[in-house]
């Protein structure tokens, strides 16, 4: 592994953590699409800053992009306050306007210049290690690592400092108000954090990876746990793991690193979606099946118990007759019987079923309950 | 003005662009109404990103950059993405917005991987592939307008045929299911219609205009009416107005891009609606608040006079305006209230400038104070 | 369990629903004879709403069978009306009272057909029955909670069903609405209909209902109120938390007709 | 929470580690026994370096055939290729967008050189409103491009002085080819009537070409990929084509043909027939192995296509 490769992974991990932290709140507050909206509306900030500075490489462009992110957030919130449109609609109304103004300004006044979000702001992870942080001709490592490391650090500190407030405001805005925290203040604080993190990360790794890292890991972890602290920690870890795995997949395929990490985040989500121990699709399906058999077994035990020792038992308890009496398919009945035999609850003697003593106990308990 | 109209009919480019954007506005306005009510406002944005891997795969498989090939690829990928969004929200606790963002970024990311793969192929005809699907409103062709007309008519026809079903599905899915309608199928049908409209829009007018056209006409229309039918109609009308209006405005000034101009037009309509629509509009609400406040102020002055009258046993004794002013600290507007009450004939001003209740005013004041007591 | 002589309005066998590892409903049987008002009560999280949704097929049960008047529910949909919880829909939806009520006719209309004059008339009648005749054209967002509930009831009425499932119709409604609902329930009973109501107010159970199902994941007890609504059963369902409530129920049990 | 803090501390330690590790980046390499490993951004630059360096260089373009700077997405392998390169040549003038900034920054690790840096600023085009921001499509003016080639040669010589003579010889030969090419383009251009020397495309990439060879250049939209055309732009351009009776307009390999098709339809509606004269290579060259896959071949193809369409 060359030092460039190592640095890319390090930057990806730092970005993943910096994004996952505010991302958890975006997902919990149903504002996830805000990250994508910001990625569009920053164009306006970039264009305006360029008109002022006339320099495509000016750092003011990044600052203006951040400000237009904050502007997007504020306008969406303002529109929400009217209660005339819903949150997602408000987002869908605001970002096209800001973006369109940007496009009109470019087309009218600066069409002859390579001015667009891609060439000005959006970074590329592959080049991040070559953009060094140099003071007095001493090389301190990639600039992005410092920028995103700083943002990550600030995010962590802020979340630790305001953990209680954030938790209350996210899960119960009414209670937050009653306790004297201003939900609006927390909302704006959080959204500024999202905006700064997003634009900083756009600069380092490009827009699509930022959206993936903000939403993917928290959404995945949300299928695993309810606890906010765990959500934050696991999302960071999952984002970091996805980044490293995605990087090596990109290495194998010689493909786009950001694209590969985003795809990996998608695969991780898919894995969690399918295999999550509690909420995963497979767990749900298996639970259903198991419960069906468990339940059917209980029914069978009661059935056997009711006819135990009576003259018709030979007929009622004959395997061939179960489908008719219990509305079961023969195959299903056989599976239920096997499960009963395994649990030592019943015995199969020449196609006629008998309860064991534990089976009798279970049946009695079922009847009483 | 006449020249403009003449232009609209006679000039090929303006006519094509205006008709195309107008039809697009009608179709996306109608479908957008359902999208907004069903919390799928941002589907346009999501589908336009999710289409990328479809475009890339279509190119990899056929080696062709022809737009029908790319459209099919884009539509399939967009539809698959949308279907995944629906099933994630249906089967997990993950909310719509997160599912949208997740699918959007993952699909687009996968598209990037495919693009880097395509990039290494030695042939040259891949240039500009990722831009090839995305149209610009100003470059609409007559054949596009025809496609949009046909597809748009089919979509609108289906909306009319399934009107009742779409309506009840959007309002109360559980109840719809309890009536025996196949809710999932209906859900897939209406969402597929939306995806088709979005993909057609993408390749003719571009991403951002399409995202806006799904949300904005419906959001504006919602402010003016409380009926779904009227909302869909108005939304289509607003969409068409913005489409034609944007095309016309952009034909009057050079270097004014058509798509973004249409976005600004429809956004202006939204702003106008949010401020001025009767009943719901902000100005309307503000005026109602003002009226309410005035009414309370007037009633306060009336009951103050009533209290004074009771203290001084009778209506003959006049009360200077200063007394009333000190009594009504906190609501103010005493002078205006007295003037209003005088025109109603409930109070009168004596020769010494002091104020008293008339008999009629007395009656009103008693009523108000009764009301106050029962409600308390 | 099987071979019951009389046909019950609702027959639920072995209803089991699990959202996660823990079942929400476990092996619940329920027999409801025709023409009675039956309440489902139980503490929060007891699975009351799930029970109704599972019967109507809105949640997928792990096991269980539902018969409506002796036949599987899928064949008897036309006999069933459903009143969901008020909070389950967006009341800012652009539609008015009459429209919502007419949605109750959509099931009978089937595909593609639009509601006609007759449906219109029935909707008006149903609205009159719940005391909302003056609100035909009112936008639904301008209704109070109680009025919203009455609109939902009217929608169920026009379904012209035999069996009604109501999810918390008394939740957060005003006194007028509560009275209107109660008299409506009695009217339905008098017309031979069966009503299954998810209810949360223990104090009014004896007053409003004939039968009751006490539920807490498992079935605690089910049957006529006078037999089943006992302190012992309530303790089983609610744990020790019903001390002061049982006091009231005793009083009420002594005077069941008091209004 | 404590875990997170621990993680940060670990990262902080590791990153100081890589600061130390990177100190030995710019030791002078010895090329006596091996070829120079050159990375370029566009194919045009790669073509020039191959000709100048000859046997002494191993060249790889990040943007292969048909990949223009707008489409280009870096892949993981590009990182290693760039880190291992002895020298990287790029266009500059913001053609590569943010990558240009990276290349400027990279000097410490790998030698980088902007082709455009050797060209006098006053011979570059710059929009009057935004002085100092230049049009980057310099390769369309062969004369200007020759300055760029000289710049490549200078950089290679500086890097590998031992082989200076080879570079000088190769450069002279290549410049000879280019000046013949320049003459050819001039000569071809002369065949078109002066009033018909108008080049109309979808995006404004051909300004240097127009200036050098006496063509008036009109585009539907500017250079910026974020810019969009308006209805009036299409109308005005169509009107212009009708008035000047321009026989052909051109599509570019990297821009959707529908923009030009819309223009063609607008002209047709005005009662004049303009044909689509063919597809020009703008930001990327043709497939490897074909004539258009080399810089002179591409320029030849472009001018032939233009002239054949306009000459009638």
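Residue numbering begins at 1 within each chain, and the chains themselves are lettered A, B, C and D in the order written.
FYI, a contact is a pair of C-beta atoms (placed from the backbone, for glycine too) under 8 Å apart; a residue touches a chain by one contact, two chains touch by 3 or more.
These numbers were taken from a predicted model, which means no experiment stands behind them.
Separation of chain C from chain D in touch steps, taking the shortest path, is 2. Look at the CA centroids: the one farthest from the centroid of chain A belongs to D. More C-beta pairs touch across one of A-D and A-C than the other; that pair is A-D.
Centroids of chain A and chain D (each the mean of its C-alpha atoms) stand 41 Å apart.
Distance between chain A and chain C, defined via averaged C-alpha coordinates, is recorded as 37 Å. As a whole-number value, the distance joining the C-alpha centres of chain B and chain D reads 45 Å. With centres set at the average Cα position, the gap from chain A to chain B is 29 Å. Across the assembly, chain B contributes 112, 115-116, 120, 222, 255-257, 259-261 as residues in contact with two or more other chains.
Residue numbers of chain D whose C-beta contacts span two or more other chains: 70, 73-75, 225, 227-230.
In chain A, the residues touching two or more other chains are 103, 107, 111, 250, 253-256, 259-260, 279.
Contact topology of the protein chains: irregular, matching none of line, ring, star or complete. Contact between chains, per the stated criterion, is found for A-B, A-C, A-D, B-C, B-D.
On chain A, the positions that touch chain D within their shared complex are 2-8, 10, 13-14, 17, 43, 54-57, 102-103, 106-107, 109-127, 129-132, 134, 139-141, 143, 145, 149, 152-153, 156, 160, 163, 229, 232-233, 236, 247, 250-251, 253-257, 259-260. Chain contact summary for the complex, chain B toward chain C: residues 37, 161-165, 167-168, 170-172, 174-181, 222, 225-228, 230-231. For chain A in complex with chain C, the touching residues are 278-279, 287-288, 291-292, 295-296, 298-299, 327, 369.
Those residues of chain C that touch chain A in the complex are listed here as 14, 16, 18, 20-21, 23, 27, 60, 62-63, 65, 218. In the complex of the two chains, the chain B residues touching chain D come out as 11-14, 16-17, 67, 112, 115-116, 119-132, 134-142, 206, 247, 250-261.
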